[in-house]
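A, B, C, D and E label the chains in the order they appear, each numbered from 1.
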């Protein structure tokens, strides 16, 4: 009889933590991630609030642990296409998308990407579009697994059937790992529990056109700012806008959140703190910058958060109460127009960089996943837990559990705690299975 | 005025605009003074037009705002600093100017002659502290010169003698403590006083010093850096003397008494119990508390230079409200432990026509009664 | 066995965390010149997969037998690099770390001097590395079962998860009943469920669960042992009992702020009550003050929270929502009353919370920004002095009933447990988790985990999630059946031991014992926790604490002084 | 119980020998560990089971070549062992008490026979004296009565003895109370009643008062010497440090070898920890420009101080056996006095006093660590 | 000369309190002088006298020992034993003619990053005041 096993869908920090707990307890864990690498959103972050640990420093070792754990089967670039429940057993079918790279041969040396005809021409998703990559790529240098993948939507050969006279990538690969013949394959799994850790999306800021996102290059989202300030990002951690250090930086919070007009009536829970962190990072890198944060309420509620907010305020960050009305151009700078509600009058604040704290929203495919697994959704669009108070990670389906931000927005500590909670729920099932089988 | 330097110096950045400062400010209700709003300006605006803020002179420096701030910002210090800007530019009310000048020339804000500083003694023998003593008795300006306050000064001297303390005064060499001077924004003059007085006080070599006024007590205790010298307000010393049995309060004073906590004694230095202990030790005294007592005591509006500046709203005086509250308790005597409170509240009793029912007395006057005929 | 040390040195940039202050390349060049160093490199993130891969490759290529990583604190990543080395076939105890981030780049700004210090630190660790010896990794069996301290919702949730997984649970509750603070509440936010409906079935399950042994009116009075095998003494009305378990979950909850510590808020008036008292009134449906229905009910938030004056700089996380809930319920009961909430920031962040806040305002609950400075009496009513900071005007708001939203504090008696278990506390007084993000329920004591508000303020969903998380951590050793034990134990060289027995006297764990036949000391490696007290007491150094031997430490010292 | 051993013909030594013989004959002990005169004229401890050989016993000889506590440990450390009477001077007895605490000796089957010490010579002096027909034992014993303890003309007692303020036996199963006694008339002995019963000895009056006074007088005189010497050495330490005072040290480890307290089988300083690579010496030489060899001498002495000075009983064997004539014992005693005072510890006083460094109180030195 | 003197201080910190406190100073980015070089030990009770004496004789300008506050030792009583040893060691140093104030024992908890930074700053200043350890110049040790 096989080892009791759990399927974890999603390889962000929630999925990673849940998989590690289950595997450490001696059960089998299948970790399915649709991107070429695990890591999820947390891998994109620079520092984490309120301790300012760098995100990579605390995440990548966990990723490595996952990659090497004897009880974890890591399935990246894969998607769960169906799940059937038969009594206490879930039968899942997983689609392995073709990487067009032989995983066993690829050494991750990167010569293929350097050679690619479309080098530096494809928008880099991991860097939130502020940098470019090749058609063949790894999402980030610390990826697990560190194996290259050909983007089928960007590759000249895969889209047009021809790539010059010769495959530059193939020629460059010393390991002969590139394989355009690869086809998608399917794997069938039998598991006793399923943990959904599919994460979240960020609201499209063009839904708030008054802020000029997509119009002005000086307006960016919080997650883009993370890549900009990250040492492993395209600017090596230098905060540059149009090649220059911004002197006036404005942060706008609640972009979409607490705003029923955009369909996001709820609070996204993390923006106040990551904005405080961003403000700190600007102060750290550009000591003489003028930093303004526009807010409605400052929600610094976690352990050490209020203290961090106090600290950031002491770092000469100007907190103005009021949600800006619009952003427009004046000369070569931007102007943020808002009512300062403490002054009771409108103010214009000039800016070289405007950072929008965009709302955390459910994944675009939440409805599909809900249907696939027979789950319910709450009015805000996230997955519905069995009971918000006492069963925050359980679902209406026995054996399926929720971890992380697909249930509602969360910061990292709460996500990790919830992922472990989901693991605990799963362990009850797995342990029962093990007792029955021995 | 540019805001940034001062904002940094006073560490206003911690402010979260909760409004507890202005919310508790006793004068905010009657004038346009809004310290919370001023801090916000300092935080978000590059410049502030200080001249436009005449209401800065309304602050009584009761420090309720400082007491209440949850983030350890010291709002009252901003007012003092802004007053400093006004002083520097010479844009100050005439009466304030006179008080500063008087202090500079004669060592007291009233501008009375320095040679008359010992007039309160009424030709009693008082030892010169300069000759060495255990206890330095620092009198202060109002208790030295003001006829209404002098009996307190004398009563204390008598009590110290009865208790057998080896005490002395600085005589006519004593100068203003500078507490009010600093709060009027004249930092330079204040520093000069700190230096001169500090040197003189240290030279005495006493291990303890006692003051009549909580205002003097405050600055000596918290701003002079008199390490090794125990600075006491008289209520602390007298309460201890009673406790130790060195002062026998034999005579009954059969009165209903309520007590008004001076801001500089209570809120700012948390001396709440000793004045009450003294009153309760006086035979016959029935102590009745006003609702707003201790941490919630209402300022009499006599501090922060307000003895020499009328402020922007003369009509509504906090002292009026305060004496009414005292009268409403049914007390016959409103006891105080501060010469400024004594003067402002007594004046309010007169103006409000409450003299029939309420008398304002310093605690020391009551003690003196209980000690009996000299 | 003894072969000449061949050391690989790896200097981490940690993004810019280290390289911004320390000239990483220069340190790597310097390290290459140190004795026994065969290869020295720098890399952006040593802890990443490629970073670790680099080390593993070098172990093979250069036949390394020691690895030195200069990066963050070993408390952070020592297991990471030990694991990497182990996979490459090296004994994990031949890896040593130099802490050039927390103890260098982050605390210094002078680049030159920080770089110089980093060099010394690396040199010192390289010197130690040359003296390292491989250690054996050992495991012991785990006693199945957990002790859960505290019978509130956190303790119950954790207990049920452990018990449902098939392990005995000993639930120790100080009071005479289960349910903790939650049982004192009326309804939940934002769903307004009656708490009794929630907690009743939960208590029932705990009470009837065959795997859960309940100790009411009882306290943990002593804990001995270590992860996998704890001996916990429970003292209750029926006397003392010792239970043996593999892990311990702490769920001791919180205290409420005592509003008498803010005398200006007039808690002594009958008109002024705490939010907990309001729960009872809502439960009873009795809001009368002085026998009359209040016309004005005012809520004051952040009482004892976000307040450095009372030593609680933190946010208590639940007050905004329970205030919204209470205000909303009051408005339901007294539709014509003026219900006002005075706030600093409205923190309605949980699932459905902002929506609830929106509904409360739509109902007519008035929110005014501005915290109250003081409260005094006027006739039958009280007056709240404050400022409406949006109007920029002070107010003196007469009201009939005032509800103080008191915050959470760590338990007054938290230090007892803290001392007994050696659990560190954070600056806010609550128990300190091992890492706020990576290990939010673990503690510095292996095998002891935190659930609920003893770690910091939390609402019910977060408490339950965290309790389950603690259960997960507590279940891992139980399910696995074995735990690794300290490898870096003390060992005796019997040839050197003169049998003086000082090691026996200084060891708090009874690990060393004198062999009566030979008169020399022997150390029971299972009992040894690796503190080194015996080694220090031993004058001839017949006892060595492995991994911290005099040769190793003196080599470090020598490199540092040089 | 107290008694007096009668002395005939002024031969105190013979009287004491007689007493010791009776201990064997009466089966109080199986053997005696005591100083014996060798055929070549020196004195050495020996374990004697044959009463007949006790004619060579010389327990009163004013010489100390070895602190016998060390050998007393060897014969008593673990069972099975014989019942042994061990004849010790005061400093030896104190060392024995410390060794018992260090589990290097056992009192379980041991009968301690303490002898008040009138002063000892270094072995070469003693041998020379004997060769020259000097060092009349009777003359020395005669000084006991009035406490005017003084050496043979032209010789000096060992340094340790000259400043020894604890020459009298403080606690033993059997004590030969030489101080204050007219030994020519008899040797006062105190002993446990059960031993007396076995020996069949009746109580006899000695003059206890006289002994106390003489002890007091000797202690006073010795303390004066001690304090003068302490002051001098402290001044020297202050100026020169240990490395200056011990500049001539050759690190022979004699001080450690002969020290009764240094019980380690192998000293840390003989272990690989202090066996450095050749390049290491080179590095050190480069660090300071020069490096004294043998290395680590100061560290050796300071570490030895840390390891044993709390237990130092002041027997001075270290000084006696130092080839470089360093005042090792004086330094250790001077420093030891201060450290022992801090811990209120008197080495050798009682086996009940716990060794200071293996115990602690939670509420002591509260100021340490808190500044 | 005195101005340019940068003391070398060797610190032995216990893993559970002082070392963690030093890490916390790092995570909190509290700045302090770089004169202290840290050696991690498991417990202040495992600080051997040679660990202190060796650097002092070799010329280190100070030695800092950091442990858990009384009652908080991870190993129950290591810090109490350390306290006795340090008291003895300093007494020996003093009576042997050395400056015992170059050796500091301090209790620093895991949450006292600020205290650690402050201790290092104070110790660096105190040692600067004393000047270099004379042993640095002495070869005959």
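Basically, contacts are C-beta pairs under 8 Å (C-beta built on N, C-alpha and C of every residue); 3 or more make two chains touch, one makes a residue touch a chain.
None of these values were measured; they are calculated from a predicted model.
Least step count on the touch graph, chain D to chain E: 1.
The chains touching chain B as well as chain D are C.
When each chain is reduced to the average of its Cα atoms, D sits farthest from chain A. A summary of chain positions shows that the Cα centroid lying nearest the centre of all protein Cα atoms is that of chain C.
When you average the Cα atoms of each chain and compare centres, the chain farthest from chain C turns out to be D.
Between chain C and chain E the centroid-to-centroid distance comes to 28 Å (mean Cα coordinates, whole Å). Between the CA-based centres of chain B and chain C the separation comes to 48 Å, rounded to the whole angstrom. For this pair, chain A with chain E, the centres built from the Cα atoms lie 44 Å apart. Between the Cα centres of chain C and chain D there is a gap of 57 Å. In chain A, the positions touching at least two other chains are 51, 53, 298, 310, 342. In chain E, the residues that touch at least two other chains are 27, 29, 50, 54, 58-59, 71, 77, 81, 85. For chain C, the set of residues that touch two or more other chains comprises 306, 345, 389, 392, 426-427, 506, 537, 550, 554, 558. Pairwise chain contacts present here: A-B, A-C, A-E, B-C, C-D, C-E, D-E [touch as defined]. By the touch criterion given at the top, residues 16-25, 28-29, 34, 36-37, 64, 67-72, 291-292, 294-296 of chain B touch chain C in their complex. Note for the complex: chain D touches chain C at residues 77-78, 102-104, 263-268, 271-273, 279-280, 283, 287, 307-308, 355, 357-359. By the touch criterion given at the top, residues 27, 29 of chain E touch chain A in their complex. Residues 21, 24-27, 46, 48, 50-51, 53-54, 56-58, 60-65, 67-68, 108, 141-146, 230-232, 236-237, 257-258, 260, 265-267, 269, 297-307, 310, 341-342, 344, 378-380, 382, 387-393, 407-408, 412-414, 416-425, 427-428, 431-432, 435 of chain A are the ones that touch chain C when the two sit in their complex. Listed in rising order, the residues of chain C touching chain E in the complex are 73-75, 99, 101-104, 106-110, 113-114, 116-117, 120-121, 124, 419, 422, 424-427, 432, 444, 488, 506, 508, 529-533, 535-537, 545, 548, 550, 553-554, 556-558, 560-561.
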